[in-house]
């Protein structure tokens, strides 16, 4: 058996993570200081190690900001609507996939720009047209979103990329669903940004601009994560 | 069902890939030109699309080099010993995981350098000591190799990284086994290089040098792939 | 003397570059095909080598797109207003600094995020406040723009970065002037984007998010270059 | 006038830097702890701000390692031979150029791989042959080293890269001279590594492997910096 650190430790850190998010949503504003590590550990009845791990993940996800020697501060408040798309103790595992996608998808976009055949480009452009239409309608758009990202993975001509992406299917779908939902609660701008970001990626792949495609993909994912914490 | 392009197409490209490798091993030297795409397609009884895909993957893996308008040339000859570690039509899928690992593992090393706790560092350093000992003995060393890479993933404090890495377990193990085996067939230098490369990664993580850790990891993987094609 | 390839070759390529831009502005639309290399060489009375170099640079700057075996196509049309800010044969040398800035400034932002002292952060935030004010007024804003970018270089605590940036002063100032000017010719959106992009960089530096700062800087420069070719 | 923070502050930080290096060379071993910031400030008769800046730069250059809340520790001891190639208070400014070169040269190698013409490749390969010969002789080799790096900059077809590199001429020459000198004081291995690293860059550029070229260049520079602190 591969893993030898207790899965229950991860489960506990997931719970600590979601309880800290509840504290934030319950009354803290951007810039407010979180209770100290030891305070949180005591109030959750968990070890400081577990709470520290949760705080590292919250900072990694852009929700809090650690100031050296001064504790953790709220940087962004997750949207309340996230709760409609996932159980609260799945929040950490779901948001954590972003860092994996930053790595995987920006390199996939880079390779797709370099290697895409005319047929692969046609598949990407058709997926883009469908996504644009879905986003600008009031229909769900996550299937179209997934389809475009997958078409980019395929254009790497390396099946290992697509395989790695499909292992993230569940969490990515949750995020894509939540992303469109939260964007639509606000004015038109976030939806327009989603269209524009995808179109920039596709344009770079079309122009075989490898660095531009990697940059546009990473920017899109980074902005997408922020849109979940508006 | 997620995938809609025929898996059999991928299987065919895998076969074309391994048959081209057989042609190379059968008598081509570095710098020699491969038969043309249409020639290969005809002799394999496959479509040009399938052969083109195989050629794109061979270039991606550093085995061939495409010269614009002038066909494909042999860049490196895979070691014959690879055949002792995998079926020949698994070669493409196995080597293809390198590009995914370039992306995943260099970012994992970067994040590990930034976030590792003293305990996580201790786990990494102990795995390094075991790997060094195993590499310098004549025992197998792939379990120790895997354990070090996994310890680095864990030090990201993002379980999504470790999860993504574990999906690559089978192919990575094959490669780690073949890598040590092929290195030992040659003089002492390749084994010394394997020790040194890992030690450089660990040193950067210890020093919390995020860019240095990412660079050292990517270099290690890139050199490792080349060692399979000595 | 360091350089041994004829400076006049570069001057010629600069001229070929600006003459091709004139052809584009004179009547080609996005997607149109440029005359062939040999056609251009003949009509300019220049060698094909010089014209090829100009075409490589035009593609590098995102103005044209090379399609393998099919010539060069217009990708973006430079704004006519660029002529108000630089001589036409300076266009190539001026736009060419973007690639150097992509490299230098994204790494500078990364290091600034990691190393900035509270005083350096304060200097960056004050420069940001001034830039925001200037951009939202109808006053010139290039001095404020420069001051913010320079404050970020300084926060690397490596004087070699600031020194390298100051060698780009002339071209960067031309671009900053032209950028604001061209943005103001259009609706409010480009100016709002300029404010937002800078604010994202500053936010990441404040939060010591090294990768986020590098990404935001590179995105800002990439978008800035596109705004000159609206 | 562009710069408004006192140049004398930088001069002071340069001096603090070289005095800390003297302390290290005077009797500290790798792993030893440096005197505290306030201790150093007092003994140098300088402000803590200046000493802190020097410590940040020493860590940036890989000489010391900052441990959170526990002060600075020696990570590498600069070679005594550096003193034969530069005044001691130039050490900081000289080593500081490495971070600029990491950014500039890895992107230059990436672009050179993508854009080099057959003529530019021939220039690079001829410079490589000369460098190999010079390194393996007992003659100076820094001119050949410079010529190879410059040929790579030229192959970007973007004169702004070469211009930026030439601004680093003085410091880079100092480093190239010192690098060969220090490598020759030791056994054959460091010189062999210098040959091999350059050859790997050139091979990637020949194969138009953009990511490989950028990686090999960055690795070469990173290893080169370490060779100055053996």
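For clarity, chains are labelled A, B, C and D in written order, and residue numbers in each chain start from 1.
Methods note: contacts are C-beta pairs under 8 Å (C-beta built on N, C-alpha and C of every residue); 3 or more make two chains touch, one makes a residue touch a chain.
What you see is a predicted model; the values in this text were computed from it and never measured.
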item	value
Mutual neighbours - chains that touch chain C and chain D alike	A, B
Shared interface partners, meaning chains that touch chain A and chain B	C, D
Distance-maximising chain from chain A - centres being C-alpha averages	D
Between B-D and A-D, the pair joined by more C-beta contacts	B-D
For chain A paired with chain D, centre-to-centre distance based on mean C-alpha positions, whole Å	37
Chain centre separation (chain B, chain D; CA means) in Å	30
Residues of chain D whose C-beta touches two or more other chains	102, 211
Touch list for chain B against partner chain C, complex	68-69, 110, 210-211
Complex contacts: residues of chain D adjacent to chain B	62, 65, 75, 102, 207-209, 211-212, 215, 218-219, 222
List of chain C residues in touch with chain D within their complex	2-3, 5, 10, 49, 52-53, 56-57, 60, 93, 96-97, 99-100, 102-104, 106-108, 111, 115, 117, 150, 154, 156-164, 166-169, 171
